[in-house]
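In the two complexes below, chain A is the common chain; its partner is chain B in one and chain C in the other.
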Partner chain A sequence: MRLTCSRDELATKLALAARAASTKSTIPVLGQVRLTAHEGIVELAATDMELSLRVPVEATVAEGGAVVVPRLATDIVRTLANGQVEFEHRANEGVVSLSGGQSSFTLNCLQATEFPELPADDGEALSVPVAPFVTTAERVARAASRDDTRPVLTGVLVRIGPDGITMVATDSYRLAVMQTPLENPPAQTREAIIPARALQEMGRLAAAMKVESFDLILSESQAVFRIGGARLTSRLIDGQFPDYRQLIPDHFEHEVVFERAELGAVLSRIGVLAQRSAPIRLAFEPGQVTVSAVSEQLGEGHESLPVTFSGEPLEIGFNAEFLRDGVENISGDEVKLGLISPLRPGLLQSGGDDGYRYLLMPIRLNV
Partner chain B sequence: MGDPIPSILHADLDAFYASVEQLLDPKLRGRPIAVGGSVVLAASYEAKRFGVSGGMAGWQAKQRCPELLFVRGNFREYQRLGDAVYHLLCDYTPAIERISIDEAFLDVGGSRRLFGPPDQIARTIRTRVRDEIGLPISVGAARTKHLAKIASQVAKPDGLVVVDPATERAFLEPLPVGLVWGVGPATRERLERRGITTIGQLADADPRILTRILGDAMGQKLWERANNVDERSVRPAGRAKSVGAQSALGRVAHTPDLLAEVLGHLADRVAMRLRAKGRTGRSVTVRIRFPGMRAITRSVTLDDPIATTLTLREVAERLVVGALREMPHEREITLLAISVGHLVHHDALQLELAVGDDDPSRMATQSGAARLAVDQSMDAVRERFGTAAVGYGAVVLGKRRLVPDEFRELAERDR
Partner chain C sequence: MRLIVARCEVIYAGRVSSVLPMATRLIMWKSDGSIMVHSDAGGYKPENWMTPPTRIVEEDAAIIVEKGPASRVERLEIRIEEMISDSAHDMGEAARLVKDGVERDLQIALADAPQTLGEGMKLVRREYPTPIGPVDLMCIDTDGYVAVEVKRVGTIDAVEQLTRYLEYIRAEHGMEACRGILVAESIKPQARTLARSRDMDSLELNLAELRGLKEPDLKLFG
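Our next item is the complex of A and B:
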């Protein structure tokens, strides 16, 4: 195989594809990227067997073929001189050569036949606009769990139907849900639990491919995203996702409205003291709230804000990072915080309803 | 032999509970009284002269001393006055080790320039406790902890004994073996059967014979103590590393009902003390003793720290039932104990949404939070109305407790 390509194109696409390569696997080929050139289509592919990426590359092919590119190639291409890069696979020697500017490299490589077969990417496709899908995923996916002991919670529940796109994620301490209407919603509802990581990679891929819409294929066990000429496939997570509608209370005793930027700044400042999952405290009294944090080793900080609050004083503790995450994901200038009691969840949403809800369990204070 | 100054003091309040009662109610002073009812928890010196002693059945005590007056315990006052005496003792040295509600070791070797030699400090302490608090206290002063403790027992009631390092052996030899730390009634009887009645005879005994009679560790330890070998220093208490409680049962068959009741009661006391300290623990250890003093322990380290009564009881029951199943030949037990270790401070707990299993043994789940809420409500009621005011059904209804929980609380300390 022999081809020429611009350095920027190859470096960008290599970096993009390599994100699906495994960093932990004991099987060497899963940590590398396959390059194929067939009938004028040049494609990079990587998989860790859960997530697979296939990314097209614009290149001039002199001779077709397939090879597995060693991981090192990504770093080499990135640092080559600007301009054209020549890539050649010398199959009989078991090496690939890379040259650009005045530099040349010869790298040992694995055979393409050692690379695992990638999952099928056909099926009944649903066309989905990129922007609402990616925005919804970005605002929700951060609430997903990173703890593999409860696999369902490491995924995002994705539902597409007449109501538009709904995504839900929870790590059991907080829950983010967002519903985004679609201009031409599908008549039938389809849903799946997609690993949060796949949605993040999907967003990255969509940005690189610069397209308006993509094809989504949901099958029994996998999701395929066809984005321009690129494809992302991910296994789906099996299991029952918690019913978010039962978790969000219908009614809140208090609804407190904050300036989003102001609250964000206070939480950043006071949050400095709320280290290692120490709580940030919100003490409400008529007309104001005092945000404070205490660290036995470090010291104490507090700041008061005027808010509309009436009734009995209420003090509630939250994990500072979780609370900041919620406030940062609110759109618009105002944040509304719904509260019931110090032991019941609080609900954050935008002042003007944009379909986003962030439910956060408190930290029980003075246990 | 090391430091020749008898700088270790053992300060021990005399007939503590009874003395407190006589302090609080002048009508009781000079009269034979017993704290308790169906069982004598403590007796005044006036009552002790008639042969009344702690642990005796009420009717038996009344037989020995018809004038005996029974009083109900003022357990909060015992705690308060015991603490007051301890704080007074702290004035004389930071090297103080409280070993129970009413006794403590002090090393006053470093306090000479401030307060004078040990015998003078001992006299000052006795005067101050008498004048400022109103209670009699005996003090033993010696070169080692063991000797100091024996000296304070010899000094009772209301006395001071200083053991001159030059005459330690002569002091020890004629004393009864029962004064050696660790010799209870059963051990004393075994020794006496072999003609060993004094500490001198114990010191002269062949250690190999002692280990054969009493077991390796015990035999060796008692022989060393009788020979005045005691290297232990006064260790001020650090932060408690575990919280535990035990229940001596006599010889009983371990039926499921008995285990549930006793473990429920122990778990209640341990978990309540954990919560009072604002602590939770991640390891649970149970100890089971069988007839003949053989004992086993089992422990488990949990993923989540616990402080709730029901959860502790469940974990302890699993451990005990599992251990007993391994030893089907053991039909009877004589003691059960629970302790919780790997303690962490617990002033904040991230709660969880009701997703997935609502595991009540974890305090962050809804049902776990409910368990904690029940415990905290009970703690609040008990704080106002006493431990007996409220409790878990099976535990409250159990009939095997003759000794009030408050009394056990005072006797148990955390290591």
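Our next item is the complex of A and C:
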């Protein structure tokens, strides 16, 4: 195998593909990247057996073939001089040579036959516009759990149908849901729980491939995203996703409207003192809210904001990071916070309804 | 426990051979079959020893300790020239090493609230004995027995320990399908992965919550 390609192109795509390579596996080949060259294209592929990525790179291929290179090649290519990179697999020596500018590297490599067979990427495809899908995923996926003891919560429920795209994620302390209408929605509804990580990688891939739409194939056990010439395959998470509609209260006792930027700034400042699991307190009284945090070891901070609040005073505590996440994901200038009582969940949404809802459970306050 | 102070020589034959020349030594002979030969130096470590299970034969002027099958037997021969002191003491029931406070408290709290481990879970007994030491709790639910090992921090070693217990427990009649749960205040990701690969459950529990001192975090759902 022998080829020449642009350093920029190869470095960008190698970095992208290598994100699917495993950093933890004891199987060496899963931590590496396969290159397959044929007729003007090199396909870079990596997988950790949960997620796989195949990314094309334009190249002048003098001799086709396939080889598996260490992830280190990503760092080498990135630091080579601008211009063309020459790549050669010397099969009889078990090495690849990489050169660009005045630099030359010889790296040990593995046989392509050791690389696992990647999942099939065919099936009934649904064409989905990139922008609404990626935006929805970005705003929702942060609420997914990172605790793999409940795998279903590490995923995002994705539903595409006549109502457009709906995504839901929850870690049981908070829940983010967003519904985005589509110009040409499909008549049939399709639904799957896709790992949050796969959606994040999908967003990166879509940005790199610079395409307007992609093909989504949802099968029984996997999701395939065909984005330009690139493909991302992810296993689906099996299980029963919590019924989010039942979790969102129908009615709130109070609806308080904030200026989003102002509230975000206050939460950032006061949140400095809300360390570890210490709550950030919101004490509402007619006309204002006082945001405060107390650290036993460090001290205390508070700041008041004028708000339209009436009725009996109400004090509620939230996880500072979760509350900030919710506010940051609101679009528009205004944030609406719905409250019932200090031990019932609060609901954040945009002042002008954009289909995004962020439900957050409070923390008990030891007054 | 028998304590013998004697002028003796000790000959060991087994994986290697060694001879301790004639001198005054303390021989500790424990009721579990352990034999340790101490001199008045060398710190806490015996000069020679044999761990149970052992076969011990006492002759007029010798104590012969053997271990292992005939094909690869280990033999410790203590030849006594002069007996200086020989006393036996009843030590009562052996006191176990005191477990880490959190582990012990978690074990007690869990024994009082086994349903925390799963719906319908009932306690069979604490300190369920196995040939290599007791597992913290033996419980039972509708699917059968469950061995529970309690740690402050759940590590790979804790999973290995529970695996060894389960090997012995599953060899008992009627316990072949015994499951395992590792319970700790925090469990390392590697330990979780290893436990999962061995079909064991792992569960993080907060001692304060278990005792009812701290109310659980509010959640949108269970």
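Operating definition for what follows: the second predicted complex is superposed on the first by the 364 of 367 C-alpha atoms of A that agree within 3 Å, B and C clash if a C-alpha of one lies under 4 Å from a C-alpha of the other, contacts with A are read in each partner's own complex, and residues count from 1 in each chain.
Rule of thumb we're sticking to: a contact is a pair of C-beta atoms (placed from the backbone, for glycine too) under 8 Å apart; a residue touches a chain by one contact, two chains touch by 3 or more.
Quantities reported herein were computed from a predicted structural model and do not represent experimental measurements.
Enquirer: Identify whether chain B and chain C fit side by side or clash on chain A in the overlaid structures.
Expert: Taken together on chain A, chain C would clash with chain B, as the superposition shows.
Enquirer: When the two structures are laid over each other on chain A, which of chain B and chain C touches more residues of chain A?
Expert: Touching more of chain A: B.
Enquirer: For A:G346, decide between first (touching chain B), second (touching chain C), both and neither.
Expert: In the superposed model, A:G346 contacts neither chain B nor chain C.
Enquirer: Is A:G164 in contact with chain B, with chain C, with both, or with neither (first, second, both, neither)?
Expert: Neither partner.
Enquirer: Determine, under the contact definition given at the top, whether A:P242 touches first (chain B), second (chain C), both, or neither.
Expert: both
Enquirer: Contact-wise, after the overlay, does A:P362 reach chain B, chain C, both or neither (first, second, both, neither)?
Expert: After superposing on A, A:P362 lies in contact with both chain B and chain C.
Enquirer: After lining up the shared chain so the two structures overlap, which partner does A:G326 touch, if you call chain B first and chain C second: first, second, both or neither?
Expert: In the superposition, A:G326 contacts neither chain B nor chain C.
Enquirer: Applying the document's definition of touch, where does A:A278 land relative to chain B and chain C: first, second, both, or neither?
Expert: In the superposed model, A:A278 contacts chain B only, not chain C.
Enquirer: For A:R150 in the superposed arrangement: first (chain B), second (chain C), both or neither?
Expert: A:R150 sits against chain B, while chain C stays out of touch.
Enquirer: When the complexes are fitted on the C-alpha atoms of A, one of 313-321, 331-339, 385-393 or 403-411 in chain B overlaps chain C. Which is it?
Expert: So the stretch of chain B colliding with chain C after superposition is 313-321.
Enquirer: Identify the residues of chain A that lie in both the chain B contact region and the chain C contact region.
Expert: Touching chain B and chain C on chain A: residues 170, 172-175, 242, 247, 343, 345, 359, 361-364.
Enquirer: So in the complex, the part of chain C that touches chain A is made up of which residues?
Expert: Contacts found on chain C: 192, 202, 204, 215, 217-222.
Enquirer: Please name which positions on chain B make contact with chain A in the complex.
Expert: 278, 280, 307, 346-356, 363, 369, 372
Enquirer: Quick check on the complex: what are the chain A residues that touch chain B?
Expert: Going through chain A, the ones touching chain B are 150, 152-153, 170, 172-175, 242, 246-247, 277-279, 317, 319, 343, 345, 359, 361-367.
Enquirer: Looking at the complex, which residues from chain A come into contact with chain C?
Expert: 148-149, 170, 172-175, 242, 247, 343, 345, 359, 361-364
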